[in-house]
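Okay, so chain A shows up in both of these, paired with chain B first and chain C after.
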Partner chain A sequence: MNKPVNKTFGCAALFFGLFCQSILAAVPEYHIQLKDHLFFPSRIIIPANQKVKLVIDNQDNTPEEFDSFSLNREKVIFAHRKAKIFIGPLKPGEYGFFGEYNPNTARGTVIVEHSKKESPDAN
Partner chain B sequence: MKAFSRLSIALFYSLFCISVSWADGFPVDKVYHPYVLANERELEWRLTSRQNDDGNVLAQRFAYGHSVSEYLTIEGYIVGERDDTGDFGLQAYEIEARWMLTDQGELWADWGMLFELEKQHREDIYEFTSGLLFEKEFTQTSLTINALLVYEWGKDIQDEFETEFRLKYRYRYLPALQPSIEIYTGEDFVGIGPGFMGVHRYEGQKQLKWELAFIAGLNGDAKDHTLRFALEYEF
Partner chain C sequence: MLINTVILFLRDALPIFVLVVYLYAHLPASKLWLFFCLVAGALLSLAYINQIHIIGQWFDGNGIELSLWLSQLLIYLLTLVLGYGLTRVQTSYQYFMFWVAGLMISLTLVSKGSNFILYFDGYLNQSNVLQPLLLGTFLGLGICLSLAVLLYLAAQWLKQQFGPWATWSLILVYVTGQLVNALPLLVQVDLIDPSAIAWSSQHLVSDEFEFGHLFNVLFGYQAAPSNAQVTVYVLALLIPLAIFYWLKQRSASQSGNKQ
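== the complex of A and B ==
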């Protein structure tokens, strides 16, 4: 086999390994409700340096758009639907988010801490 | 596992594409992110001005795009260019589809695919572009890569495959100001230079994005500079 072919297969194997690792790793879930244009809980505590999944249940009759520059995420959550948003691994700190359609009320914060503590009202 | 299946197909397709050929076209253009936002519509204007020893080439694109699902967006373009006599006129039409393969942050990196079909105005020249869009976050920075395969055909052109490679490494400093380094390669062209982008939000989904980059060709020509500018109004 010549060198370019070896390189191609090497790259493919590397990417395949990374995909498998990403898919097989368990990701903790944190559930948030959106009702009356308010996120509940509005403060989510997650562990540092670990990927987590936010599952947001929009119970309103209108769609909302989750937006956060510090988390680098944008996602539309349709009315009466759930949306999953993967965040992290993150350094300790506070990361704000808001709903683009109702920015004055739909606001929240992801708090990243070194020790793993779950928010008391997170599911 | 749906994301894994989509991604496997896309990856092997891209590896095949990259191994086929190299480009002789002009590859400085937008570096695409692999993301689609549901319910989004956008108006876009792009300007590219290239100055080299042969003179100036000016191209402008006007586009309207609409996301048709959470994972797919369609955009139509009209392309204007300044011709050999200095007149600016309609040059081509184009339709583009961008497909988000994985949710942002779901896997080690984020993946998407791009498909474009272009027809030259008044000439029997067609161009079909397809390729892989990649983005990986490193804390406050993001690396975006586009690996594209272009096939040109028609009575007025020799049929050929080309490949293009675009890279942007961006520091997400502030929403309004995100500096970057951009790299473009194709046959007989390697270019690198600084870029900037920013977002200004209005209410709801309305926002204005801008991009500016100055790319210097490193392919041996005495002078080869490209300025590219883009405005996107999303609503």
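== the complex of A and C ==
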């Protein structure tokens, strides 16, 4: 008689576990510096089909807007402030980004590859 | 700097111009409400920028994205109120519509105009960029004003041909586009999960081209929209159109029965 109750409880526990796993799953972080209106590193390699977090540190005295048409992202980063942006999961390929206020110099590329070539926090 | 300023005008000032001319064509002519809501919007933008560092720290650093998305949602809801106003004939509703339109313009000025203030605030103190900055401003303003005049004439013609529902439909298409454009803000702060790309028309009209910018402002064009954006766009556009069409038909049949 308790079997249906146990089954329901088991299913609920399973879903709760999966929910917690999705919340607690660590999202890899990639750090980018903005100095003298240049992104460093200007090429970031990230794994395919995985959500990642970009942390951009604006070390300039002026604000900048991180912008990317292919990534569909835009975010203002104030002078001497950091900003975080989640991107992905993405298919393998190259995705350009630029600073909207200085698009001639502040340019970079997110390279999405199947195999993870470098450790995220090495940036 | 010159080109950057022009592009910034196309991306952030053009949406303000478009909404103002659509509303100006939609509502009975009155210059005073437009002046007041532009002043109110400019003051609100300054207040927003003044507090933007604090707002940015709200909700674990997601305050700016959330506030911008909420303002777009509010503008969309106000558009529905504007549509409801068309089904009412009382004079009090007409005055109420001016307030609604004023709030829509003020909120658009805050969300789009704040970007300008940040840009000019950062670079206006640098004497070497002052000349291209001013030149870019005049060029950008010229382009926006030219397009605004063309759109106003088109909206007026549509209103004369098909009535006020035509201009309201233009506003709805524009506002829905802006709402869908704001959806990636929630994805970039990880509040909603990203969905797959529905299609890519990058080879036809790229987001980076002038037409891409223009279409994006007019009806929310995106070269590679996500499934979520397409779903929200279709629902946000079709549901109000269907409801207001039904309301219009019902009121027409009721007035027919009374006669």
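By definition in this document, the second predicted complex is superposed on the first by the 97 of 123 C-alpha atoms of A that agree within 3 Å, B and C clash if a C-alpha of one lies under 4 Å from a C-alpha of the other, contacts with A are read in each partner's own complex, and residues count from 1 in each chain.
Here, a residue touches a chain if its C-beta (ideal position, glycine included) is under 8 Å from a C-beta of that chain, and two chains touch if they have at least 3 such contacts.
Not measured: the values here are computed from a predicted model.
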{"item": "Chain B versus chain C as contact partner of A:65, first or second or both or neither", "value": "both"}
{"item": "First, second, both or neither for A:87, with chain B first and chain C second", "value": "both"}
{"item": "First (chain B), second (chain C), both or neither touched by A:79", "value": "second"}
{"item": "Touched partner set for A:107, first chain B, second chain C, both or neither", "value": "neither"}
{"item": "Partner chain in contact with A:37 - chain B first, chain C second, else both or neither", "value": "neither"}
{"item": "Chain C-contacting residues of chain A that also contact chain B", "value": "51, 63, 65, 69, 72-73, 75-76, 78, 84-88, 100-101, 103"}
{"item": "Residues of chain C defined as touching chain A within the complex", "value": "4, 7-8, 52-53, 56, 61, 64-65, 115, 118-119, 121-123, 184, 187-190, 194, 206-208, 222-224, 226"}
{"item": "Interfacial residue positions of chain A with respect to chain C in the complex", "value": "27, 51, 53, 62-63, 65, 69-70, 72-73, 75-76, 78-79, 83-89, 100-103"}
{"item": "Contacting residues of chain A [partner chain B, same complex]", "value": "4, 8, 11-12, 15-16, 18-19, 21-23, 51, 63, 65, 69, 72-76, 78, 84-88, 91, 100-101, 103"}
{"item": "Residues of chain B that touch chain A when the two form their complex", "value": "1, 3-4, 7-8, 11-12, 15, 19, 35, 37-39, 70, 103-109, 137, 139, 142, 172, 175, 201, 203-205"}
